[in-house]
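Got some structures for you, see below.
Both complexes below contain chain A, partnered by chain B and then by chain C.
Moving on to the complex of A and B:
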């Protein structure tokens, strides 16, 4: 077996926490049960990994299959990439053709790549690509993962900087689309990206109530009658506005929202600096373990006025979390434009 | 919208009413429950509001307010702005000892967005005492509740010989002498 592959297996096993090793090896499913039973779990991890490598000596090319099966262990940032116009699209998607075309297209540009495919139930095809250069072998540790749902025009790519054009070209060629471009949507949670782009989250619709409806049977809280809430109606209004804007149900999980401002600095006319000459460049970044839920809870917690600025609430609808804000021509207010 | 006036209603026998004004509802609820747990000999009513002026609909059932506590969270500029806006909707007679500022969140200095100077200036401008507390800590919460209760007793006139005007002594620091 190739020694880089052996080293890769050894390091991967070392990364797994001790109590999960047996479970992981069973899910990987390339060692038989008898072989698994021969591994002594009570030795130091180095020896365990060495044993696993020895058992794997007999099996070839198992490297890439197993990494894709335990993908939930890997923390990876994914950028959603949008393939926009359909050119000549074939009527039915043929997976074998796609794989063949993709491999051929990528290999014609770069010889040293390792490409592996894996299909999952929900029509998702995972592609693992390890990049090398003309003179070096593919680097198995910094692999790129691409998730493609064949019935949708979306592709999700884990972060890489310098190989995007090559990858996009191969994808376009293999899937028979006309063009591909990058969406400004990034997150650590692949399921949330899918939710936003496939519109699976709870969407809100414009409703008009002259009076707020008493829809839910809220169980009356055990409030001391000596504590009197004076602004109860205002609080109910805030709740209903929040509900209208964010909808019920859990929001998709996003960690960042970045706003690049290219607006003019509005200062006193007496101050000569910065007035009306050049846009004031500034980047505002919001970060949180779960940004959209945090924004949803701002108004009820009393930290902001309801309704919250539409620049923040439009993130799931517009499916982007990186914005460029320019001056609106004529009226001096920031508007949300973007490339 | 009604202006809150300190002396426009008759007091009810053996009871007092306190009004907590602030944006953070959970903090207000915590403080209110702490005040209610204390042992007291008079009946107490706690009104919790987000801002002044108070809505006019329930004005006739509202008792006379004896003490107004403005709660400012140092970590939120929004709460300071809210309090400043509410202060302009009050009758001037309240500022003779029946108003007090309660500041929370000073414990975490690197999360503070409101400056200490702003808060001190507010206290000086409106001639009212400024109290600091951390409501998350049980002991401080109980101590603050006891203090507020004592102030409420005096403001409602339940302590003979002591009036709310004496609270100005809480604002002088020994350096000024």
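Moving on to the complex of A and C:
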């Protein structure tokens, strides 16, 4: 077995807390039960990991399940694959063909790569790629993960900047699609990306006619006794408008949104400011552990108008969190410009 | 809960007419204007003080723009280059009693011993082992606003090189420097034996800062305290520094806001192209040679209203925590990074003023 791979397994086992090692090894599922039983768990970790490596000598495929289950450690970008229109599209997805073509395409461009596949229940195919160069062995510690749901035209890639063209080429070739392009949507939470793209969150429907306030069975809030007057109507209006634009239910979890603004500066009419015709260029970045929930709580907290700007609420619908906003005849529009 | 209201120049002019001195506008409904949540200068609106003569620690309504004063002739350029592009933590220092510039060598020796002793506390080490730590106190020439300013002092803790050869360099592990730029007002009111070096900047491990600070406090009967920067002063910095002319290494003017009072923390970074930010400031800033509170307010309000137009969020209700410009960047916790030597004096002058107002 490759030295670097052996070292990689050894270090990975060392990282696992002692009481979880057996559990992890069982989930990894590439050592048989009898093999697992032979490992002496009462020795120092160094020796345990050494034993594991020796047992793995015969294994050819390594997929690091531990990192995969901690998928929130990566920043995933989404690539959308355009569907092919020339009729070369195969009707049934053949996993074996896909794997073969993918490997072949990638290997033809770069000899030193380690490619591993893993299938999961929800039709997701995980591909782990460790990159090397012409002269160096693949770096197992900085692997890229690709998640492909064969029934959908979406691929999720854990962040890597310089290998994307190569990867995309291999994906296109393997999946028999026409083209591939990167979407402007990134997050640390893979499940949220899936929610947004597969439209699994609770969607909102734009209404343009004000609705009468609906009675809701709301449990009475614990009100601070020092508050002597509350503008209840306004409060309820804000709540209902907020629900409308954000939708009920939990928002998908994304961590940041970036807006590149190139609109004209327009101050108050009384401010005689900047009468130039040049756009006022700025970049606004919002960041939060759970951005959409934070934005949802701004209007009730009084820090934003209700309804809040559609530039913010359209994030799940448009499936993007990187925007370029340009002026359009006095009306703001988010132009879906390419990256 | 704040009512949303669009900032309007007309309303501000109403409030501009100074009242009979001393009347605080607390009686006014601050809710109706809906502008500039962070501005506390409404309280000093009726008092038009020139920089320096602030009453009870209130912020001045106008500040002189420091002329891009090139450092004085004999400036220690190597040391000054060392001060740039580093993150410094800010402290204000009360005047030091019986500090003498002639005794710097003596102070170095005493402080070395003190640092070594503190570091060894609790360790079983043989007597006489000095842990290879050397402390040096030296002057930094050229860091003066006026001639009355005291000369700046640099303190460095270096760990002696472990390598055997002669010219192996010692590694600086901690630096701190004292300065006072244009601290005239404080100097006037201070008796003979005191040295005013009101601003202290430290870079390196917090433990060393504490040790050095406690030695100075004990030896010179002074007091160090963290210098935090209020959102109001950060806004001043954003405005003043955006207006500075910079020839190289131009960077965007970035304001970072933190949103309080919501379950999930939210940070908003608002970065404006440097040319556009300067163009806006140049339109706002009317009085030559000085900056007024109104101009700073207007500048910030313009930025807030441009933001509000797009996102419907009131930035004035959030907390400004960090400002970055081509000149320098400052964080509300009292951290600063200065990027251009040309504007070093100007930045230090502002910080000295903040330090002095904290200790008065």
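A few remarks follow.
Going forward, the second predicted complex is superposed on the first by the 235 of 339 C-alpha atoms of A that agree within 3 Å, B and C clash if a C-alpha of one lies under 4 Å from a C-alpha of the other, contacts with A are read in each partner's own complex, and residues count from 1 in each chain.
Here, a residue touches a chain if its C-beta (ideal position, glycine included) is under 8 Å from a C-beta of that chain, and two chains touch if they have at least 3 such contacts.
Predicted model only: the values in this text are computed from it and were never measured.
After overlaying the two complexes on the shared chain, residue contacts for A:311 are found with chain C alone; chain B is out of touch. By the document's definition of touching, of the two partners only chain B reaches A:233; chain C does not. In the superposed model, A:96 lies in contact with neither chain B nor chain C.
In the superposition on chain A, A:302 contacts both chain B and chain C. Touching more residues of chain A than its counterpart among chain B and chain C is C. By the touch criterion defined above, A:325 lies against chain C but remains apart from chain B after alignment on the C-alpha atoms of chain A.
When the shared chain is aligned, chain C comes close enough to touch A:294, but chain B does not.
Shared contact residues of chain A, touching chain B in one structure and chain C in the other: 301-305. Within the complex, the chain B residues that touch chain A are 19, 22-26, 29, 32-33, 36, 43-51, 54-55, 58, 76, 78-79. Chain C meets chain A in the complex at residues 1-2, 4, 6-10, 252, 259, 261-273, 276, 279-280, 283-284, 298, 302, 305-307, 309-314, 317-318. Across the interface of their complex, chain B is touched by residues 224, 226-231, 233-235, 300-305 of chain A.
Within the complex formed with chain C, the residues of chain A that make contact are 259, 261, 263, 265-268, 270-274, 276, 278, 280-291, 293-295, 297-298, 301-305, 307-309, 311-312, 325, 332.
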